Amino acid sequence: MTATQTAAPKPHTETGPQHGAGAAYTTLVIDRDGPVATVRLNRPDALNAMNRAFFAELPAAFRALGADTSVRAIVLVGEGRHFTAGLDLKDTSNVIGDRDGDAGRVRERFLRHVKYLQASISAVEECPVPVIAAVHGACIGGGVDLVSACDIRLATTDAFFSIKEIDIGIVADIGTFPRILRLLPDGIVKELAYTGRKFPAGEAAARGFVNHVHETRDAVVAHARDIAADIAAKTPLAIAGIKNVLNYQRDHSVRDGLDYVAVWNSAMLMGEDLMKAATATMTKTSVDFADRLPDAD
Amino acid sequence: MTATQTAAPKPHTETGPQHGAGAAYTTLVIDRDGPVATVRLNRPDALNAMNRAFFAELPAAFRALGADTSVRAIVLVGEGRHFTAGLDLKDTSNVIGDRDGDAGRVRERFLRHVKYLQASISAVEECPVPVIAAVHGACIGGGVDLVSACDIRLATTDAFFSIKEIDIGIVADIGTFPRILRLLPDGIVKELAYTGRKFPAGEAAARGFVNHVHETRDAVVAHARDIAADIAAKTPLAIAGIKNVLNYQRDHSVRDGLDYVAVWNSAMLMGEDLMKAATATMTKTSVDFADRLPDAD
Amino acid sequence: MTATQTAAPKPHTETGPQHGAGAAYTTLVIDRDGPVATVRLNRPDALNAMNRAFFAELPAAFRALGADTSVRAIVLVGEGRHFTAGLDLKDTSNVIGDRDGDAGRVRERFLRHVKYLQASISAVEECPVPVIAAVHGACIGGGVDLVSACDIRLATTDAFFSIKEIDIGIVADIGTFPRILRLLPDGIVKELAYTGRKFPAGEAAARGFVNHVHETRDAVVAHARDIAADIAAKTPLAIAGIKNVLNYQRDHSVRDGLDYVAVWNSAMLMGEDLMKAATATMTKTSVDFADRLPDAD
Amino acid sequence: MTATQTAAPKPHTETGPQHGAGAAYTTLVIDRDGPVATVRLNRPDALNAMNRAFFAELPAAFRALGADTSVRAIVLVGEGRHFTAGLDLKDTSNVIGDRDGDAGRVRERFLRHVKYLQASISAVEECPVPVIAAVHGACIGGGVDLVSACDIRLATTDAFFSIKEIDIGIVADIGTFPRILRLLPDGIVKELAYTGRKFPAGEAAARGFVNHVHETRDAVVAHARDIAADIAAKTPLAIAGIKNVLNYQRDHSVRDGLDYVAVWNSAMLMGEDLMKAATATMTKTSVDFADRLPDAD
Amino acid sequence: MTATQTAAPKPHTETGPQHGAGAAYTTLVIDRDGPVATVRLNRPDALNAMNRAFFAELPAAFRALGADTSVRAIVLVGEGRHFTAGLDLKDTSNVIGDRDGDAGRVRERFLRHVKYLQASISAVEECPVPVIAAVHGACIGGGVDLVSACDIRLATTDAFFSIKEIDIGIVADIGTFPRILRLLPDGIVKELAYTGRKFPAGEAAARGFVNHVHETRDAVVAHARDIAADIAAKTPLAIAGIKNVLNYQRDHSVRDGLDYVAVWNSAMLMGEDLMKAATATMTKTSVDFADRLPDAD
Amino acid sequence: MTATQTAAPKPHTETGPQHGAGAAYTTLVIDRDGPVATVRLNRPDALNAMNRAFFAELPAAFRALGADTSVRAIVLVGEGRHFTAGLDLKDTSNVIGDRDGDAGRVRERFLRHVKYLQASISAVEECPVPVIAAVHGACIGGGVDLVSACDIRLATTDAFFSIKEIDIGIVADIGTFPRILRLLPDGIVKELAYTGRKFPAGEAAARGFVNHVHETRDAVVAHARDIAADIAAKTPLAIAGIKNVLNYQRDHSVRDGLDYVAVWNSAMLMGEDLMKAATATMTKTSVDFADRLPDAD
């Protein structure tokens, strides 16, 4: 889950809102407030439906943010009335691609396409920096795949989630099931997946899928940014370590987890942060931790 | 978890209540309401205690229902005052079988017997169709194994669960532990298993073991049937896929899960359902999905 | 998870409060009330901070209690105002040891040190007897590792937990992450680990990390002892089996779990307990189960 | 891999060559020589090609032999010029079944069919008694799946194996790959699978896929029977244990394997065999071990 | 292991030897002979040592070849006197990168660098087309990582392999150990890794690490091309399936493998190849299978 | 597999042959030749049968050698006519312990005993330093468990191995099966385990269980010492790393292995060894690597 770091040598990095130029995204806008970046789903007229461009831009954006070591936490929000309506069905190749040709070959190509969509969503999880989703309104289908790949989810009282894939006759396949089973009990997931029913934010919070609920979108975004700012003030080395180690742990035994975290800390500790942090804790002063190092040229 | 499909070539299928004849069950009654089947534990005088006949009939019934592709969802209920009192201790061979003979050989035979009981319970999980347990009154010991193998659990306010095996001096061994750890936090399971204390429906619902609670048995059964009817209206191909994929996912890593669901959909998509479903969604009309195909002769 | 049983041939066993002598612990006090032992963190002036002596004494104590087959359940409490402040930072070698010497060799030695600390905490999990933590006040950093290795957690209303390691710049590495992911949803763990924020007992109980909450420390300890006494009245053979099997299950698939528990019961059943327990259940009388056997000389 | 033991309550058992009657197999003949059974592929005119009847009879035969506790070892041979030509392509439904109907549904039914064929082959592995394949002539396609599910393989000098599936355009799917990777290095398997080339017995023996090679079919069968007789003279409890434990180990870590075998022996040892065997070893006399116990009524 | 298919939308594809232009590689030359591509390590003056450019070009080349569906098999050879001398130590950033900066941060950056190198080597394994290494002379250090990621290895009599990393004081970390343990027994690997001794082609062939040995480089390359041509004549759909399924199987249990291959074939079979292949087999004529489909636009 | 490092704070270390005193072993003798230690099984009159004392002394010796960081490699040999006759049956509690008492409790105690014996053998594997077994004559039963836990096996031409446990009616349970399946193909292991037949050194070498064979015991021991001396001249940090990483890899997927080794090297590299080794390699001079650091006080 750390493959991110192996991304192409020098991805371009976003350090502010897009203006003109070729580098700009058509489905996203990225803001920076010091070490905190905000990624906005920005096709409000289309209810932020996930089209072809989106699946290409999402990983590009998160790889760029991950490679920019001055970014320490990311907030993910949706513009307009809803977080996202999910896959853009008008852009049908999103769902099944072209059916023409030999049945076996068409399906093999389709497999590659699904893996391409999965990889797009996984880029959020592989980003070394924590990602906090701030959800309002509807978060449907592919949107659940997307927020399940985030580290933390916050939502407005009137937000809801829906594993809607069943209503277009498919098994959700770009990331919901593997991750949501770590967030909700088996029986709850099955009801949601079989029926596609709305899972309101309040219920989701009671079940632990959502961390906090607030009345308004503004309050949710503000809370998400507070958490992001809190994270950004910690040493980015340990934050990246926690994300890496917890993602490893999720899929491994207790014993494997103990071995892995021990080796991890043997590598990453004993730099300057520990002393800085200990001093700050004892003297109750604040510290300024350096960014992680960028890739070598 | 899909071994069901390899069941003997032509198991008999139940399409209505049992009347006379050799095929009838002594511990179960099966009703059909269109695509929804209801399986009733039907020894109310014995509090639906699980005897030798039950362990033979349960898998026979679920394999038959699974093989009857006109069945799309199953509700499991108990007749009488309680859902089930668990293993029928009067039928002691249920628990340990005959102790006579060489100690090593007796234990090896006992192992086969436990695996036989486990396989009986697992038939519920292996059934390709979702199973919804509607629990009222007591659900004790083996009953917890049974409902843990269902997909969704509903209960009356006064229902309770009890991992009672500790009080007869054994470790629950026919299916509770492997499945309940995906439904409840470790520490809760341990308290319930060490003490055998009653776990009331309300607490179970708060923890996510039970999906919904209602005052009366009628209301619980009605809700279970509503969910079943809702499921039955979806494409049975995707429903079977969700059950298969979620059961796979439960025991595999995120990465394995992504790979598996991608291949799954490469196989099962691109039939007629996707287009039907998409059209229906867009036109807000209802659809009639065809049943899965029966096994070839 | 059963390595305990392989402990050195004849560890000394504690059967009452320590008085004088070399065997006494400097950081712990152990009481016995029949089959229930209480282990007290006993450096109240230092807020029960975990120092070098603690990490040596903790496994010694739990191995001794595990080897004393008259012990059937253990309650873990903290003396003074708080459960524990976590790692004793004054005893800095606890955290990183000596940095002098070749960088590679220092880190390899550090790895051994972390594994030593991990093994100390794991002794609680490896103890064949259930351990119930009764937490009041603060339970910080290493304290979360410690209580996560217990079977059941109870807490006072004003207690709180904090994965505080991030504030000294490290990834919690002596046991929190592998175990807490089985106790809390992924997204909740991440928020707690990234921010180090206080996780109050009430919230922890709602999420299932804590089983029960009471107003006062006395009430919490009393409830912990009631559960312990309840456990102590059951057959210790089945109790040890449940702990072993659940710890196995936590890291294995459903199918593996079914196989393992079947073989386990083939070994451990068919002794005297089953008949005793069955008789008692039917006659509604109480039973006196014998202790497990001590290791052979 | 021990699911065998859960087979239907009372499968019929074969205790001699088939004569007339409904119980007789059309593709197999079973002989008994005391505790050693010989299963013969018996369609020499069709080169023992695996047709529909074969896939039904194979598991029936091995379940029956496994349930007959007087059987202690099984030799598998082919009648006629070759061991087997593999799947009977004339019986095309073996390979893909009927293609008519909705594309998604046809493929879901096909999946069930493949699992049915897999389960047929797996019955050999699940049989609690060791199975020794004695191969002569060609062993092609499905034949490799079949012998890979045996415990031990012997072959004539002129025998050869071929993962021929590639030449009918499919990925071998009824049992070769999962098992052969435990018998041959990765790179050898890939060459055989990509090219379908003949893998002669001599090369197979050098690589460890085949245990022993002899000039003639008679010599191979004689050696297989010697090994079978040797196995039959050991305690059947330990033999069944070895097969169970090694099949478990194949798919688990060293640590899991140590845990599992320890619990296994805790169950199965301490009967009469150990003392009998020890006495015999010390006095250099022979012993007569009792059969395993049959399932209870 | 199939991530290849998710590669960036439109990687450039190589369809012949490089001439001039920006697309040309500095460390590789790629030839095409119909469906068979040959990748040459082409820095003979530097003994094909693996420098920075190599680690960028290798994955670019294999992703391009994998995306060009007219490529059906790949042969990997080295130009000059040796296959490769391994990591280019003159290009020291290959090994450890820059050491300047905070110790923790330098190590975290180093981790990213190792993962980048690993991903470079893994591109060979992720290529959907089989890769056959034809080795002559020395294959040292990183060269063993490289050929271990190939599907099949052939070598000249005088070729040798050496896990030389120990002699520069490191643990081989870019791909040797995970893959070579599937190719050689544990004890052999340990001797080679602890001592770095030469492992001659003859011994490697006897152990199964190398499939075939020939006297001359020409004979080895010719044999590699024959195998490649043989593979290229099969249906590319099944060949890609075999590679995918065997790579999955390598890391999964028997049961998982059976499930996965069954779903795989449910997807990929029932196209035109099966009928073509069956007809060809029966009529003993040759077939012309179509290429896999390229990614959709 | 690295639990060694967690051994009790200050185990005594052996630095030469035992003379008098309480520390001396009754079943082992330990010699030192610079960084190479030789452990001798030293009960030749009893054919080095493994008795109670042996199982206590073996782990004590290997933990001491592992803690003495001046030890860099270990050779394991047997005194007298044979390497070892396996478990000492006269010391019957080795095998099953006392049978008196409640059947369930006796078996639970037996389980602890088997785990104690397993832990004794595992101490060889957990020792951070490579262990080379030099086997002559018979290596029977428990002896196979013992040498399977070593890193490398050498043997005399007339040596043989025998998984003799079947002849005393038990499943080998203290370490053979988990480890030997990584050293030999499945089918070979099964024949050896079912029949207990002698597995001569020559055959074992052809199969890769034994690395090298020589005519005489002297030649075998000399070769073992040469390998040990070779290992002892390398950097002990990388040697310990290779052992740790390969033992991890054995039980993990390719992807897990890549992740683990990357983190491992991030920790352990960038000390003085790399520069020393690189310089030595380039200047073709020899190097003197420092020992690993001992545990802190």
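By written order: A, B, C, D, E and F. Residues from 1 in each chain.
In this text, a contact is a pair of C-beta atoms (placed from the backbone, for glycine too) under 8 Å apart; a residue touches a chain by one contact, two chains touch by 3 or more.
Chain-to-protein mapping (UniProt): A, B, C, D, E, F = Enoyl-CoA hydratase.
Please read all numbers here as calculations on a predicted model, not as lab measurements.
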item: If a chain touches chain B and chain E alike, it appears here; value: A, D
item: B-D, D-E or B-E - pair sharing over half of the D-F contact pairs; value: D-E
item: Rotation, 0 to 180 degrees and nearest 5, that superposes chain A on copy chain D via CA atoms; value: 180
item: Interface residue identity across copies chain C, chain D - same or different by half; value: same
item: Rounded Å distance between chain A and chain B, as computed from the means of their C-alpha atoms; value: 35
item: Between chain A and chain E, centroid-to-centroid distance (C-alpha), Å; value: 33
item: Whole-Å gap separating chain A and chain F, where each centre is the average of the chain's CA atoms; value: 47
item: Sequence positions of chain E contacting 2 or more other chains; value: 2, 103, 106-108, 111, 115, 118, 179, 184, 206-207, 237, 250, 252, 255-256, 263-264, 266-270, 273
item: Touch relationships between chains, expressed as pairs; value: A-B, A-C, A-E, A-F, B-C, B-D, B-E, C-D, C-F, D-E, D-F, E-F
item: Of chain A, residues touching chain C in the complex; value: 130, 151-153, 179, 182-184, 206-211, 227, 230-231, 234-235, 237-239, 241-243, 245-246, 249-250, 252-258, 261-270, 273-274, 276-278, 281-282, 289
item: Chain F - residues contacting chain A, complex; value: 2, 248, 252, 256, 259-260, 263-264, 266-268
item: Chain B partner contacts - residues on chain A that touch it in the complex; value: 1, 89, 92, 95-96, 99, 106-108, 110-111, 114-115, 118, 122, 165-173, 175, 177-179, 181, 184-191, 193-197, 206-207, 250-251
item: In the complex, chain C residues that touch chain F; value: 2-3, 5-6, 9, 56, 93, 97-98, 101-109, 111-113, 115-116, 118-119, 237, 240, 267-273, 290, 292-296
